[in-house]
Each structure stands twice: as C-alpha cells, then as structure tokens.
Amino acid sequence: MAPNAPRIVALLSGPDQKGLVSKVSSWIFENGGNIIHADQHHDPEAGVFFQRVEWAVEGERTAEEDAKAFYAFGDSIGMKTHVAISGCNPKVALMVSKADHCFHDLILRWKAGDFPCEIALIISNHETLKEASENYGIPFAYIPVARETKSEAEAQQLALLKQNNIELVIMARYMQVLSPIFLDTIGKPVINIHHSFLPAFAGAKPYHQAHKRGVKLIGATAHYATADLDQGPIIHQAVANITHRNTVRDLIRKGRDMEKLTLATAVSRHLENRILVYENKTVVFD
Amino acid sequence: MAPNAPRIVALLSGPDQKGLVSKVSSWIFENGGNIIHADQHHDPEAGVFFQRVEWAVEGERTAEEDAKAFYAFGDSIGMKTHVAISGCNPKVALMVSKADHCFHDLILRWKAGDFPCEIALIISNHETLKEASENYGIPFAYIPVARETKSEAEAQQLALLKQNNIELVIMARYMQVLSPIFLDTIGKPVINIHHSFLPAFAGAKPYHQAHKRGVKLIGATAHYATADLDQGPIIHQAVANITHRNTVRDLIRKGRDMEKLTLATAVSRHLENRILVYENKTVVFD
Amino acid sequence: MAPNAPRIVALLSGPDQKGLVSKVSSWIFENGGNIIHADQHHDPEAGVFFQRVEWAVEGERTAEEDAKAFYAFGDSIGMKTHVAISGCNPKVALMVSKADHCFHDLILRWKAGDFPCEIALIISNHETLKEASENYGIPFAYIPVARETKSEAEAQQLALLKQNNIELVIMARYMQVLSPIFLDTIGKPVINIHHSFLPAFAGAKPYHQAHKRGVKLIGATAHYATADLDQGPIIHQAVANITHRNTVRDLIRKGRDMEKLTLATAVSRHLENRILVYENKTVVFD
Amino acid sequence: MAPNAPRIVALLSGPDQKGLVSKVSSWIFENGGNIIHADQHHDPEAGVFFQRVEWAVEGERTAEEDAKAFYAFGDSIGMKTHVAISGCNPKVALMVSKADHCFHDLILRWKAGDFPCEIALIISNHETLKEASENYGIPFAYIPVARETKSEAEAQQLALLKQNNIELVIMARYMQVLSPIFLDTIGKPVINIHHSFLPAFAGAKPYHQAHKRGVKLIGATAHYATADLDQGPIIHQAVANITHRNTVRDLIRKGRDMEKLTLATAVSRHLENRILVYENKTVVFD
C-alpha cells in the first residue's frame, strides 16, 4: 500500500438491499482503491443501511475525480452519499460567551493536530475572549445579542459564517439559544454541548436542577442543534459521579472536564466523517 | 483495641450548631468507646448537620445499654438519632416478579457474607421464582395481583411483612407499582431499582424510551420508593455506554449488570447504616 | 431478509492484499448470502489482514454446505479461516476450586440465554461446588490435585474434556496452575481470569501485592492461558477504584464484581466468534 | 457560622490511641473554632492514626496564632502535625520539556481558580514553551540538560527553586529523570505523572510497552517522585479503554487526556492538604 496515497471517506445511507457491501467494495477495488476501513450498520426496523468506507486512492485518477465518480455510483445504487477527501480541512467557527474551558480545549487540541479542520472564526456575544482569540491568531467577531436585537445579530452571524465558508459551527458554551430561523437557514451542521445527560435537565441551569433533584451523577451531552431546544440528535454523552458533599459550584467545576471531553469527542467524530443522522438519532462509526 | 468488641453505628441529624463533633466524640470517649470511623456533613443552605459515627464498645456497659444511653444523649443535643448494634442483622424481604437477575444477585451476595442482614422472605406476584427461592431455603409467598384485587393483595403483603418483622423491603425488579397507601402504611424503608438514569425516562419501559431517543448511555437508579412514582430519594446511580448498534433487547441485557450492581450497592449502603434522608435527597456516607 | 435464515460467522486472517474485502463480500453475495455484519482490521506493521463477517444463508444450499464451500474459498485466497454456524452451540467446561462467584455468574448468564453454548461439565479440585453444580443439572467431576499427583490429575482432566467433546475450557477462579504440558496437549482454547490488571501483579495473591504497593485501582484480566503463566493473549480488562481505606479483604470483595464481568465479557466475545489471536495479542471485533 | 472567617486545615498522623478524635475536636471547640470537615483513618496493621480536620477560626486569636497553638497541641498528643491557613497560596514550579498538554491544562485550571497556589516558575530543558509561558505571564527558566552537564543543571534548578521559595514541584511531562541526589536534596514534594498504570510499564516508553503487550487499557499514574524511579507513593491513577485498532500514536493521543486529568487531580489533592504519606503509600482524604 502506498503510504502517502490520498484517502477518501464516503458515508452512504439508504434503503437496505442485498449485496450493498459487495457492490461498494467491488466498485472501489475495480477503480484501483484500497479499502483501509469499512464499517456498516443496518436498522432492521427502519429498513435503512448505513456505511462508512475509507480507501486509499491508488488508481490513475485523482482523488477529486474518484470522489466525483463515487457520487455518481452512489446515486446509481440509490444511496445518499457524502464524500470527503483527506487533507481538505473544512473551516470551523466557534461560538462562545464568557466561559473559556471548551474554547481553550478545542483550540489546543486543534493546534496539537487532533482535529482535521481549520478553526477560522470565533463569534461571541461578549468581548471576554477577544484577546485570547487574537493570541491564538484566530479572528474574533464581537456580536452583542439583546432581546430586541437578536434577529439582527443572527443575521450578522449568518452573513459572517457564509462569507467565511464555514462548514461546521460549534457552540462551545455559547449562552444564547439560537432561533429556529437561524438553525433552519444556516444549512450547515451546528454542534452544541449541553451540560446534563439529556433528556434529563434540558433547558436552563441544568447543574442547579441536578443539585435540587439529588442525583448521584452529572452528565454532558453533545448533540446537533435543531429548532427544538436540546432535542437534537445526540452524538456523545458522558457522566461523572457526585456525592451529597458537592455544591452547585462543585458540579460546575466537575462538569467542565466532562463538557470539554464530550464536545471534543463529538467534534472529532464529526470531522472524521463518522456520523450519519436519521430519525433524530445518530449512527457514529468508531 | 479489643478486636472482638461489639460495635455501634449511630446516625445523627439535626440543626447545625457549634461543637457538635466535639460533643459526640467526647461522649463516646467518656463512655469508654473507641471511635473506628466518623464522618459528618453539613448543608449550609439548609443549616442541617449529619453524622455517622462507629465505635467499639469497650466500657463496662453492654452494647445495648450503650445504645440506649446514646439515644438519650442524642435527644439532649437536639439530634434525631438512629443507633444500630453490629451483629443484629435486620430481616429483609425481596419483592420479585419474573425477572431473576437481581433476585439471584442479592441472594448470592448475601450468602457470600456481603450483606449484614437476613433475607427472610420472598414475595412475588408470579410463581416463577418459587422453586429457586426454596432451593435457597427462603420462604416464598405467592400473592397474585390483578387490578381489582390490588388493595387486598397489598393488605396481604403488609400483613406478611409485619408478621415477619421485616425491617427493609427490596423491590428486586418487582413489576407492580406499590400504591401510595402501601407506602404510607408500611413504616419501613422500601428500596426500588429503576432501569434508567432518573429523572430521565421515569415510568414504564425506560429502555424502549432510551432507544427511541437515541441516547448514548443507559442507566440504573436505586432509590427509596415514595408515594410519587420514581420520584423518591436517589441512593445510587450507574450508567453504561451504548451505540447505534444496540437494539432494545441489547439494552435490556446490558442493563441487567447495571441494575444488579446499582441495587446491591444501595442495599449494602443501607444495611451498613450509611444513609440519611432529607429534602427528598440522600446523604450517603462512604 | 428472511428473519429465520441460518447464519454463518467467518473469521479470516492472513497476509494483507488489495481487494480482500471485495472478494469476500462478492463471494457471499454470489452465493446468495446477505451480509449482516462485517468488520475488518489490518495491522500495517505486521502486514496482516483480519476479518469477521456474518451473513444470513438465503441461497439454495444448507448452512453446512455453505460453510464447507467458504472454507475452500478461504484457502483459495490464502486466508486462515474459521467458520461457525449459528445454533451449533459448542460444549464448554468450567474448572473451579472453592470460590463460587464466577461459577454462579457464568451459569446464570448461560441460563438467561446470554451465551450460545452448552455448559456440559464442571471440573474441580474440591468438592465445595458439587451440590450447587448438581442443582444446576450440570455433571460435576471431582479430581483432587496434589503436588505428586498433578500429572495424573491433568491426564484425567484431559481425558474427560476429550470424552465430552469440550470446545472451550473456562478457568473460573480455578486455583491451580495448569502445566505447560496440559496447555500444549489440550488443543482447545482455555480462558483464564486473573485478578489484576496484567502485566501488573502477575502470579500469586495479586490483591495482596496491590495493597502492599498502594495502588489506587485494582483490576481483572481475562486472557487465553498459555504455557507462560499470566502471559497469554489478553482478551478483556477492567479496573475499579480503591482508596487507602480498603483492606485486602475489601479488595477481594470489590474484585469479585470485576472478575465476574471481565470473564463473562471475554467468554461472550469468544463464543460469538469475535476473537482472533496473533503475536500473543487479540483482535476483538465488537 | 461567619462565612468569611479564615480557615485552617490540619493534617495529623501518629501512633493510634484511644480518644484522639475527641481530643482534637475538643481542642478546636474550646479554642472557638467551628469544624467544617473532619475525616480520619487508622491503619490497624501499622497501628497508625491519620486525621484531616478543617475549621473556621472564630475565636479571638488570629489564624496564625491558632495555627501555632495547634502545632503545640499536636506535639502534646504525640502527633506529627501539618497546618495550613486558607489564602496562603504556596508557590509552585512546573518542570516541562516539549509536550505541552499538561502544561496548558495546569495553568488554565489555575487561572480558572481551581488551584489554591501561585504558579511562579516554569523550568524547562527546551525552549519550546518559552513563548507560551511568557504569554501566560509566568517566568520561564531554560536550563538545558546533557548527560555530562546534568549535575550542574540540577544544581541550577535547585538554586532557582530555593530562591523562588517554591513549595511544590510538578513534573508536567518533564522528560528527564531527576537524580536521587536532586530528590534527596530538594526537601519539597515533587509530583510526577507517569503514563502507565504503575507498577505496569515503569521506565521508558510505556505506551510502546503497552502496545507490544496487547493490553486492553492504558493508564496514567500521578505519584510523588522518590529516588527509586517510578516507585514513589501513588496519589491517583486512571485508565482508558483501547482496542486492537489503536496504534502507539493513538495511545499517545488518548493518553493525553488521562495524563492531564490524573495530574490535575493529584495536584488539587496536594494543594488542598488532603494527602499524608506513610510506608510508601498515600492516604488521600476526599
């Protein structure tokens, strides 16, 4: 195997039918590709087939030509197809407020080479993280949000995201609810981190809710944001044990580590093209 | 320290006041006791103090005399007090239906010496576990429950529990809801295992609910049963990771291990007199 | 898909070569099979390819004919091949001493339908679990082992295993070291549970070693037994947190749950034909 | 309770004797203190008693006077005593090389208010993290280490630590072994993070060792550095699951999160005066 050959990751989904695995792998083989990983799933209830396949492009075509040909092939077998070429790092924007733990965590992981992307923009409704963003060398857009100016602020945000060719938005503890209009309009995935094990404690102040109920573990949930608040497809969840000794402040502090890890895991899975969404759930190939 | 001296565990709770730790430890010291463990907690918001203290009775009095004197002392400092003498194993009843995993697990742990109690009675609304109970040498009472006979059945259950001097009831996947009347009347703690991370997925068929929502972890919650279904004070919780591959059947199977461990942990903590309840929450001293 | 079609699981391993995934899936498709799961792995350093593929037999041949044909196909592409037909439950023997936690756990899981096998024989060097075995309806062979009679005892064990067509031996806390001769002769896999996170604390009394060293977690390791004591290929490992409060007795008690879960997981993976061994390591397809 | 009263934490250890808990709590009560937390442990084998007690100073003396008086009291009952006053943040030095994950993690936690200390100095054998240190506003000392200059370099390090009144040294993935002479001379605690679950894989390249052995989990261990490499008292350990798919590079990446969390937990416990060392083990009060 040529170690430096470009790689393609394809995600397919569609109605289950006999022979799909064979058809896909044969196509790749016949086109000179070498399969590195392949994973599939079928949901017998829904009758849907899902596949993630990654291959080294070793034929005569370029990766771009191969990708284009694979799209056509996907159509021909009735599969919805998404193809990504390794090295084409998508542009990502972070939306933040004042809390900085997920902000630093994501940027440091990116700088350490963990995320195949380019963090190209920070948008915030506060100026708190302006200097830190600039120290990291990332453009920072301060767009304040008040109740009466929210729709204008969102219009500004959308314009900025479009202008910067942003392919993924990460709400890294952004403390504003994005409106259904924003989420319907944006046309790109938005990943949010909610600080509870959803569906428990949706909405505001989940650590306060958890403390009041006297639960023995707290959680964090990374999900795609949809027009229904905290109801979008769940990507990853984690929990940590707590005891009667822990105050709300302790939960907030303990929660930070969970939030960082959970959001980073979800972002990583997304950027590696491991996630397919259907029926408000996710298939996450590992 | 006399290794075979009888031991006393006292649980105290009441309005916080300066010097409580000192008063309690001085009382024990002056009465010839030797403190083995002591743990305390105070809730600054509620202004309540909690203590668990365990000591070896090495003075001239018997453990029973010491216990009686300590109750009087507890009263004198305004504390609600519960005292248990080691070796006085309380009688416990299991309520079961058809599922046998928690049933076997609890009995085998008890037989292995993990639980300081006597499992004295099995009550079931099915005959499924009759033979297994008898093989273990534990009396089995079959009390069928139908909608129209439920109150009579509960009256029978209550009579049986009283007659057998049962100090703790464990709902080991008993698939009937105990009525508020039963729970108000029984006068003894009832521990239930619910197969979700409460407050998520309360009520019926939590694994089905979890599968439908597409969560990435499932849970189990052991709590004291109260008149509000699945709303009682939580004792212990645990979770396990799941993926898109897992069917409802997989969740049920995976869940069994969590249910066993979570219920066993809660029962153990209760029998070791580690739990205090207040404001629908628990203090669990470890 | 025919829901009641028999299923075949094939495990393949051999020198990596381009197009293997395609060849295997095409063979299955062309022979009327419907792939349910397929997973593969290649070790780029060793240049070895591994695959597990499970399919529903929906062509005109029986599962037995299909299996036979697949063996021939595996040979033709230079792969070492193992094929299992669903429903053909292999016979399993447990080797036990006095400790009964893994013994009960494995048998109860099997009776609950978790293990596709038949637990056909218990072998022990003590009579402790004779009655319990018989209550479960499983033949119990008491073969005492003393230093001077060990080789005779092992000869007896081997004869019994062969005579009963045992396909898998599980050392469920069997407290004798099996000799290299036994392990070289048996010709069937032997799974052992060691009560530490190997390679730490190999050999005797691992909980005592762990307590002495003052570690903050204890572990359990399920592995295939080989002639090198505690050095065989690791299948599964788990750990639990401990504190300075825990005595050796506590570690032993806490460890039981880990041992049960770890061994049960390893046995399950093995019986579902998910494990391939190479270079003293395992590939465990999940 | 006066919410802004200064607090004292005392750690005591010494030969077990009847009435210690009572004596300590009575002293605090009689001196006007209000116990916030108290935890104790006794090792029956070693016959040693350990206590951590935290109280609000509400009498007429200052915290400094109270602390001094408590030292005298500790002496009078034969206990080795350590007393810390809240708000007196000790100075801490980080020793680093090129890897920056623990470096950023510790500093960001400190800046977030998680650590009651002052990170006053970074010492490194490389210049890699010079700029980052300066951005954080922390003095950076570059002291290169070569085999032949090691003792001089260590002398320089020791001088610098002394000169800056450093009370705790944290080896945040410092890739040089500190000599026994250094560790015997320094007279202050040194916390190290080792990237394996010790005692497994002590020494160099633990992730390579783990990969070679085929373990199913990797670990991290924070311990006090002693003259015996990787043999010092263990403070905290954590593990993460790995599979056959993970390369050494994956282990290194996965390991970073464990290393960060494990080291941060150990540092936090140390700075909160929760740790007592005896017989090469730790008592860690939580």
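A few points about this structure:
First chain written, first letter: the chains are A, B, C and D, and each begins at residue 1.
One rule holds for everything that comes next: contacts are C-beta pairs under 8 Å (C-beta built on N, C-alpha and C of every residue); 3 or more make two chains touch, one makes a residue touch a chain.
What you see is a predicted model; the values in this text were computed from it and never measured.
It takes 180 degrees of rotation, in steps of 5, to superpose the Cα atoms of chain A onto those of chain B.
Centroid analysis (C-alpha atoms only) places C farthest from chain D.
Taking each chain's centre as the average of its CA atoms, chain A and chain B sit 42 Å apart. Centre-to-centre separation between chain A and chain C, using Cα means, comes to 37 Å. Under the stated contact rule, the graph of chain-to-chain touches is complete, every pair of chains being in contact. Listed in rising order, the residues of chain C touching chain B in the complex are 100-101, 104, 108, 112, 114, 135, 253, 256-257, 261. On the chain B side of its complex with chain A, the touching residues are 41, 197-201, 213-217, 219, 233-239, 243-245, 279-284, 286. Residues of chain C touching chain A in their complex: 1, 16, 18-19, 21-23, 25-26, 28-29, 34-40, 42, 44.
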